[in-house]
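Next come two complexes built around chain A: one with chain B, the other with chain C.
== the complex of A and B ==
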């Protein structure tokens, strides 16, 4: 039990539970299955991106280009739809091509970070400008709606298995897959090792550049999947629809307990972070709080959560140094 | 070549080159109305970029800076629309900004939360507060005299806003290079632990950094609101990432410890010349963003290769002497 309490994820879970209890009193709708399915489906895109961002933040980097990258892939999907026949093969092709475009764009970030050694925040700031500028130039900011989509894709996005929308399965698959990679594969362990201590991990033979390349390409891969999810969820392609989403994604990851200095972070934690932001937003709508106040609450929660985390972290460090002193004397 | 040019001087030459090049290839770039336009557009972005640079020198970043500006603009606007004079309005605007800066500074310096996280949170927070106050509407209708700050001329030629900007450039340069606080800002940026052990109170230094950045944001907000004669929640929000880009292009080390006022100013000029020149050439405004992003990456890539080249040269010459 003590071990459980010490886990970072546990405190996030506790907050989620407390807020849920309050909200279920505020609104009877909150604790219904439909509402929860809506919440999860509506946040699948943020969730998928946050999972990719977790890996990047674990290696103590950051990617502010994710929203622009995802939009670039959604626009490419929209363009592809013009050429694809109306059959299930199109859906399969989209699932092959979209992640591929994402990997291509993501590895461009990765290349600049790992080989040219430009700080990630600067690289992704540059590519954010480049991707979103190109997208707006090519599309002229125009919105494409579902009338131009193949029917097979629309059919795919409406699939429900056991009453649960297909997007939730996609989200769960991404989460489980990434959790497995992080926990049981060599590359996943290398990601954590580099975040923990880059120098010593290089000394034990981990290829630093390869790992950096991997996390940014993987982010691109997930952005490709998120692009499909976004297209099927909104049934439209909006070149401005995701603007500014990168900060929400980063906030979710950080709320989930990942440390911006690297080394700490987990998939379950990130999922809880996404859920926390999501139920707050949903709850405030259900509680009929003026939308203008929602940002105030969200911002305050981010500031309080990161401050609490830092205070806790520092207390633990002090305990550690106390033990060191005692042992020495 | 014996005379070694500093990184900033090279950037200054590039800015000059772009200025001349744009002038030669775009008709109307050198026209007095266009030069005038640029002089009026420069200060608002330049002040925010300077504020961002000071924060980046400490190894931090201030993502909330444009919302601090908007908040301060809202404060000043509310005073004026409620019948107060211009001076009290400006004072309240600056106080609003300083309050935001003090909040950022407290969380960063006393609690020790990484600046990127604090300002990410306060960015959403300040945006929310502004939205709650204004309900998302624009506030407009200021006294005519207020408009002179952003639109007026001194002695008939030099824009007042440009003079304010030049004053703050000099002030920032003097503070960073000559004052104790300024030297400590660089010390903290290059090694915060060593700075602490040399008897510097880090939290005080950091607090002043965030206060100073918010002061510059407030001045920028006053110029912007005066120029547009209105204020809205997104006042200057497009300058956020651009100001980081300008500071970095200006040679400021994103990890802290290095950054020159003139470098940032040259970078701001480069952005301004390119944006203005491409606009005159009828290039789509989205492509201007692409160009700016590309320049940022290309310059840093060239930097990497020139560093590598000079290091290799140094190595081979040391081998020869050995």
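== the complex of A and C ==
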């Protein structure tokens, strides 16, 4: 099975490679280091959110409030900046406070899903509206520019190590950390278990509510990190800047091989999903294709990839049940 | 130290409206294989759920494990104490590897951030596999294993937990004979290591082969515990079926008319084999047998939802080709499934919407829109003739009692004016008064010329309602009798018969009462 799973991630990787080859012919700029660093940095926010979303989708839930939640944290950051001194302490403080606000908002989702047992799609549709409504009320929809940002934060944003922007390191850290959680910790194992077979997981003593609570809070935590990344990347706070981003995030996760019915999904897969969407977009911009067509192509790829996966999965299941019947008779 | 690893006495469990267990006893010695038997609904599953901590027993019972108050209130408590339950539908995680499946749950009481050591996990899994003399790649995902292998993974998990008591719920129901032998060997190994096993099965021969002692339950009550040498199969069957009879026996000989429906050479791999029977005008035909005997699959095949591999059916002298439920309905065959709440009713919708569903395309006016007046009239007509209470066509179906829901389902199919009605466990989960009404309704339909085939595992019901009985076992019709000549023992003898190796690999998992699963 490991082979099969690898194969699955491999197929996304193969598409990434093929598209890269095509795009390198379309534009000589595409296959340069700078372009790739740009692509990754520009998609760090989507990537960080997609990593959190992977855990939620593995437990067969969904969170459509992520973009609104992230925006809510960015706006909070903007207000905090007015009170923070121009010192490195401010950067540290932001890295403590933003994730904390994220966890708070995320655990609100988690509470409704796990304790009151409302379907996650309903809960997060509701909180999506609550968060974005409050954001618009507080900001009046106004853009906050970087004049009030502490210089230390601006300096942080511009850090490059070995020619690679700090955001890419942040993204990599999140990815590695979450991968580690999934593979090496009990809570990560519980996430996979609940997605694989919820009833069995209760029988072996896994606390269902706690795990649900965890995935939504963790999503909130990563939304807090993503908010910092977004603020740092755009050097501004735009109350409408992330509207609709949740769909891209979910698309990336699903493209990466996570199954919306739960149980399947991995961090490497999600990273490839993010990358695939990112280079498609980048390539089409380089090829000067209308944004309208970009959306059509992206949508088509998602539908095709998911259909392929679903058909493949069903075929494997059928093969397996055949084996059972044969062995039994 | 007590001889007994498990002592449960005076265990009762009451669900709203039902006493599932009434003063039951189960005592298991160290290192013995103890069989737990009883008909469907005798209370075995409920007792195991109490044992496992899924249900708490009513106050007043005694539950000792290793001589001490068990204090088990959730599945994890049981696992940590050394009780492992291998459910019929297994508790595995298809998306995780063999090693992970064996290890899982071990640390459920530890901190969520506790690091998992893959090396020690694999060592542990490997050790358990070696003890069972199994050779399966530990990195393989469980979804790629056969059912027999998956079961071994569950046993390996129990070993890895140092379980002292392992409960196996119908472990052989989906195994081939070779695999069953292997399982017996594993059970012998467990015994040698001093591990006790509670073995639940309907196959009597099997029970006599593997177990040392057995406990019989009937209707939620304790019948007795016997050594396998003190009792034989006949005596055992008598103990199992001595059920209180709540219905009047059908003693009238039916006025049987011409043959209206027949099934010839019906087979479906893994479900049933060589099915031949016919239904005459004026009789109710009952098909009975244990859960998993292929009754429901057969009904679904006649109805077209579980297409048979071969065989023909004739209705009123006409050969029918049915490859979907739509075909069946068009040809006048109606099927009311067992899980009527799930399959038979649109619960949130009104009685009207439910009843007219099969005929909705005939209730349209000249603009091709649904005519609500005709719809309501039709519904009111059925509400009246079936005596649905309250007689409110606009009431959501889920607000009705179970019995009235069943009437709505019956009304729904009557509105389609079927020639043949197949009804699966017609009175499962509804109160006794409503049961009798449903029975009368079935008789009325027969008198009106509709063919009725009733599938039921409740023997008193079968003996009260039907005119002729077919008994299925392991996918075949093993017995046929007129109801006036039948009794519970005769039927059970056939239904439980385990001779030969003609297993067609049934793997039905629910036993009707287990809907209140974890």
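As a working rule, the second predicted complex is superposed on the first by the 324 of 329 C-alpha atoms of A that agree within 3 Å, B and C clash if a C-alpha of one lies under 4 Å from a C-alpha of the other, contacts with A are read in each partner's own complex, and residues count from 1 in each chain.
The working rule: contacts are C-beta pairs under 8 Å (C-beta built on N, C-alpha and C of every residue); 3 or more make two chains touch, one makes a residue touch a chain.
As the structure is a computational prediction, the values presented were derived from the model and not from experiment.
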Q: In the overlay, answer first, second, both or neither for which of chain B and chain C A:297 touches.
A: first
Q | First, second, both or neither for A:306, with chain B first and chain C second | A | first
Q. Between chain B (first) and chain C (second), which, if any, makes contact with A:93: first, second, both or neither?
A. neither
Q. Who does A:164 touch here: chain B (first), chain C (second), both, or neither?
A. neither
**Q.** Partner chain in contact with A:192 - chain B first, chain C second, else both or neither
**A.** second
Q: Answer with first, second, both or neither: which of chain B and chain C does A:264 touch in the superposed model?
A: second
Q: Once the structures are superposed on A, label A:201 by its partner contacts, choosing first (chain B), second (chain C), both or neither.
A: second
Q) Within the complex, which stretch of chain C touches chain A? A) 52, 54, 74-76, 79-80, 85, 87, 90-97, 100, 104-105, 107-116, 118, 139-141, 143-144, 146-148, 174-176, 179, 269-270, 503-505, 507, 517-518
**Q.** List of chain B residues in touch with chain A within their complex
**A.** 61, 63, 107, 111-114, 116-118, 120-129, 131-132, 135-136, 241, 244-245, 248, 254-255, 284, 286-290, 292-294, 296-297, 300-301, 304
Q: Mind listing the chain A positions that touch chain C in their complex?
A: 1-2, 4-5, 183-190, 192-193, 195-197, 199-207, 210, 214, 263-264, 317, 320, 323-325, 327-329
Q. So in the complex, which bits of chain A are touching chain B?
A. 62, 64, 112, 116-119, 121-123, 125-130, 132-137, 247, 250-251, 254, 260-261, 290, 292-300, 302-303, 306-307, 309-311, 314
